[in-house]
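Across the two complexes that follow, subunit A remains constant while its partner is subunit B and subsequently subunit C.
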Partner chain A sequence: MKSREQEYREIFMAEALEYYDAMSRHISELEKNPADAPALNELFRLMHNLKANARAMGYADIGEVAHRMETIFGLIRDKEKTFSGSMVPVLFTGVDKIGEMIRAVGESRELPSVATLVNNLDLLVKGEEPVLGEEEEVDADEDANRKLELSDLVYIQIKKLDHLLNLVGELIIDRDRILTLSQEIGSPALQTAATHLFRIADELQYSVMDARLVNVGSLFNKFPRVVRDVATAEQKDVELTISGEDIQIDRNILQIITDALLHLVRNAIGHGIETPEDRVKAGKPAQGKLALSAQTERDDVLIQVTDDGKGIDVESVRRKAVERGLVSAEAAGLLDPGAVRAFLFEPGFSMAKEVTEISGRGVGLDVVKLAIDSLGGQLRVESVLGQGTTFTLVLPTSIAVKGALLFELEESSYAIPLMHTDLVVALWPDDLHVVGGMLLAHVFGDNIPVVPLRALLHGSEDGPLPAANKEDITGRQNIIIVNYNNRRLGLIVDRFLRQQDIVIKPMSKPLDMIDLFGGVTLLGNGQVCLVLDVPALTRLFLAKRP
Partner chain B sequence: MAENELTGSEKKAVKQEVLIQLIVFRLGSEEYGIRIEQVKEVTVTPEVARMPKTPAFVKGIANLRGDIIAVIDLEERFGLRRAGGALPELSFTMAVEANDYTIGIIVREVPQPLSVPVSAIDKAPEFIQDMNIHDKYIEGIARVEGRIIIVLDMLKLLTPTEIMQLQPKAASSPRAARRKA
Partner chain C sequence: MKNRILIVDDSFYMRTMLKNMLTDAGYEVVGEAANGQQALEMAAATRPDLITLDVILPDNTGLDVLKGIRQDQPDVKVVMCSAVGQEVIVNEALESGASAYIVKPFSEEKVLEIVSSALQEGGSTEA
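Take a look at the complex of A and B:
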């Protein structure tokens, strides 16, 4: 695998060469028509971009030349100078030198000296006559041995990569099918071929996934400006720190979370961080701190938005949840702070203006939650009153493949994404207790409601679930404990099958109207397997609990 | 489109007869037809996985050459099941193209193609239209050599709300999850 630095350099090269080509074209246009405004604007822009890129990569000489050329094109554009006389050969030499330097970077050679050129450009800026040397006069010779080169990078529409990924998804399904068939048929030659196909398809899949990865930085780097603007508008003083920019993630995932992240950052500045006066009063430094960070954790990417503002007042959220009828007063009193904060993500919860003012949070957090849910990710919030709040987005690196737990219920196979699965337990009836018509299991110090999945999926359409009865439960119960928005729920299933990476296909119309299923996947034996959507399942349980 | 053809047949002025191609299948004791261009393919019913939270006549989902489609039983949908007439072990599935998706319809016997002159299709009388359904999905009744074939307009029959009878959505939607205060 290439080093990150080398990858950056290749990207720089590709862009720089593209700039160079465009510069050569535009300066020729300018020679024909010295007042060509679009060409001037382009040249100015190209020089500016090249300067920025070159300086970021540490190629000071390229930056110096581009900076001076930018200044001169700026002067011509503003009609303070004209593209004529001795300026023309110097600028042409400048563009040629830039090309030469870029090629030198590409070949890891030493960059040519630019002292004369820089001196001449400085003279031009001051309005003095440049010293024309040999360089400026032997244009013709140089043309003869100029090389034409094509970029090493290809720009590709994300749409094409999406298509490629879909095809790979199909291929993986067929691959598993072929592997299963080859084992059934038992022909050694076929098995060898199938194993080989398995490996190739695997590699192909990872290559396509790799091609879709971009740096989180490509999104993070847009935030300094956002933070500045929002902070100014809100009259807050905020310092933004960014870390983990080079963590890589699927481009579409980054696209989907863009709005969510924007939302969280705006919220943090608008409602989290206090005004400088309030901060000083609270004994904090006047300048608020906001941090955007990314890190990898196993196969997931964690993105965090942390502020050192006033935090979330758990008690007022608790009161509000009771007022809005989301939970009974007695039950609310027992909830731990984490469970209370989870109410912030309830749809509609944020609609109430008072909540926003009291708790300081909640504007459209359900929208953020939905975006993360759609990716099969998790959204978590931690907060210490008076000290700040951290939102954590747990995201898959890639959208193609998801780890899932396969199980059987009434002779059908189902899959449940591992992202939402906490643990799998087998419990005897003695381990289960009936409380308020609901089964409760005590697992690792936590009381978890348990429901037969059969009752949720096949139960009657209307009305609550029938009250749980200990007598109905005999023998060992296989229970999958799922976790959504800090709520744990145990699902009794018939049989655990195995853990497997699956490719989820979206549910086709008109069945997509049933939101209990996030999609379908095809198993190696050709069987269709429904993928349960844990958020929808949890909501169904909450709506129907006895 | 259907309207034009029907007025055309009423005038009976057309000498050169226009033929339309139907795929004819049996539901209950009657014969039904669908325009051939609405039928994508006919195949032996593949393995169908049951899908919870769907009306009984939705038999489940099946894998048809990599496409996951819903498979429905129109006999059950129309209440045409003869006593004790469960589906046979070997049945056939017509993949029918609705507006923007494909759906499978289970039939007992292999569906047959049939060419019918447009003039042989009469408009269905109002009263036989199912009262519960707003869109009129019976395009007409074809009389061919003593047979009576009910011609269905699949595009009208297979709207998503029509198929799902709009019932399952509410149960698990976030709105329903909020308990009544």
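Take a look at the complex of A and C:
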């Protein structure tokens, strides 16, 4: 329930502050023209709404004051009273006090006392003279010197921030271009100016990115309600724990993963956590545990959904993968559990009903995977049969700028996002072996398939890649090891260039059809640089491997 | 079939709360109007089964809206919503054909009870 209460509180506050501003405006209008009918109607309506909302929220004092003010403005409107004499300072004090109380609610402070004010408002309703004290004293000096208080917070539409970020992206590209030009031209003055521009643009970029950050908690806090509802429907007993609510992430990234997270949580309750009876039989506490957590790791944000349910049966997933022809029986036998669980994210794989029942994992994990891929993030799953499952979402903090590795192939520059880059190695032919027509590199105790990137990019549309021949490999091989969905793949390139933050732009149509590139970026020298889409490359390799 | 409800209230807070209560209880909220003009337009466009109608609205009173809707759709059930202090208007509203009224701040149980009994009043005024 916490989530909804919080939502109500936020809406109440935003609306109450709006009402207060309008009240202040209308009561000033009334001072100029005591019979201003539209102002009276508005004051009446605003007091009425504030009263109802405050009472629903349980802020009785705000309700009491607003109720009496509503009555008095109603009487003035109906010409039974006039806005004049001692009534004026009392009503002004009333509006001020309302503002004070609303701010106190917003800052979780104790609300100021309103006993005197309420008493005076009651006297006014009865037509008696109020008791004016310090609060109502019209001190011209003080009024004249009164400080205007504006909120320290601005609400801004995300659209405006998106626009700002796009502009910054353009600026970064031009900045790099100018910096390169200034070096080419060799004018010291221009170089100094360009270096300064570089620093400022950098700071601007981080400021704009920072302005878009929101707490992960703004999403997490919606889950207690979801968990309660799903657990009730599934007749499970689930305790949710939330941690890392104050970790910050780009608002649009949070938006994009909302459905994915909802899906994972529903799955964990529906298919992961067992019924209380089954849990007791398995020697577990009747109440299942579900944890939502966030943490930062270098520049990334890790979000984890962990349950202590029945876990994923790797052997049944392995069998299914073979049955569905995703992998040969022989190859499947060699795959480690992580690689086997990766099949769960294959499109349509988890849709199979039998799998749902056998493995205890539900539908549509491929959809979750796609959402994470679209952000350039990673989705991982760890599971121990009988003990539970953890899904980890590795997300970039910001969508605008990505760390990338730049390299050269056939005299063109390419970029590959660091998110998908595990390792960069230079290997000699002796480090490479050909097994079944496939080149394998033995790196860190792991046999990783290796393929010349040019074969993937320029290969014929259909048909497998040509079988690898050890004799074609001469001299030092520069290899980028990429990782997607628990699968590693080595890509042979011509030359490593450098690591750089890049702004990725979507591509125009014709190139888009190639589908192996996630976008383009412009380098400082004005050169266009294609950004490789590692998920697409990995899929292409799997489809075409010899 | 789910009963379709239109919410009319000038406070976003109230609309949100009503919408959550009604949606959770299995009703379909077909629209939310924040003033009288919107209320009349949306009532005509969505033809709801029931309307929750705030008594005090920025452009005209809930009473005018009630009369406007009644002319156009004599069968629609209307539940007036009001904070205490507006009993006079509410009485007039009941005389003008509102089914019931809810006093703000309302409890979830009360709202659902009143809405469901208003909907059960019978399909048409002739019934």
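Quick note on the criterion: the second predicted complex is superposed on the first by the 396 of 546 C-alpha atoms of A that agree within 3 Å, B and C clash if a C-alpha of one lies under 4 Å from a C-alpha of the other, contacts with A are read in each partner's own complex, and residues count from 1 in each chain.
By definition in this document, contacts are C-beta pairs under 8 Å (C-beta built on N, C-alpha and C of every residue); 3 or more make two chains touch, one makes a residue touch a chain.
Because the structure is a prediction, the values reported are computed rather than measured.
Of the two partner chains, subunit B is the only one that A:L522 touches; subunit C does not reach it.
Once chain A of one complex is fitted onto chain A of the other, the partner contacts of A:V226 are absent, as it touches neither subunit B nor subunit C.
Applying the stated contact rule after C-alpha superposition, one finds that A:L542 touches subunit B and leaves subunit C untouched. Look at A:N49: by the touch rule set out above, it reaches subunit C but stays clear of subunit B. Within the superposed three-chain arrangement, the count of touched residues of subunit A is higher for B, of the candidates subunit B and subunit C.
Looking at the shared chain after the overlay, A:L164 reaches neither subunit B nor subunit C. The touching residues of subunit C, counted against subunit A in their complex, run 10-14, 16-17, 20, 56-58, 83-86, 104-106.
Residues 47, 49-54, 58, 61-63, 66-70, 100-103, 158-161, 163-164, 167-169, 171-181 of subunit B touch subunit A in their complex. Note for the complex: subunit A touches subunit C at residues 4, 7-8, 11-12, 15, 42, 44-45, 48-49, 51-53, 55-56, 67, 70-71, 74. On the side of subunit A, the complex with subunit B involves touching residues 170, 173-174, 324-326, 346-348, 410, 412-413, 457-458, 461, 505, 507-511, 513-517, 520, 522, 526-530, 536-537, 539-540, 542-544.
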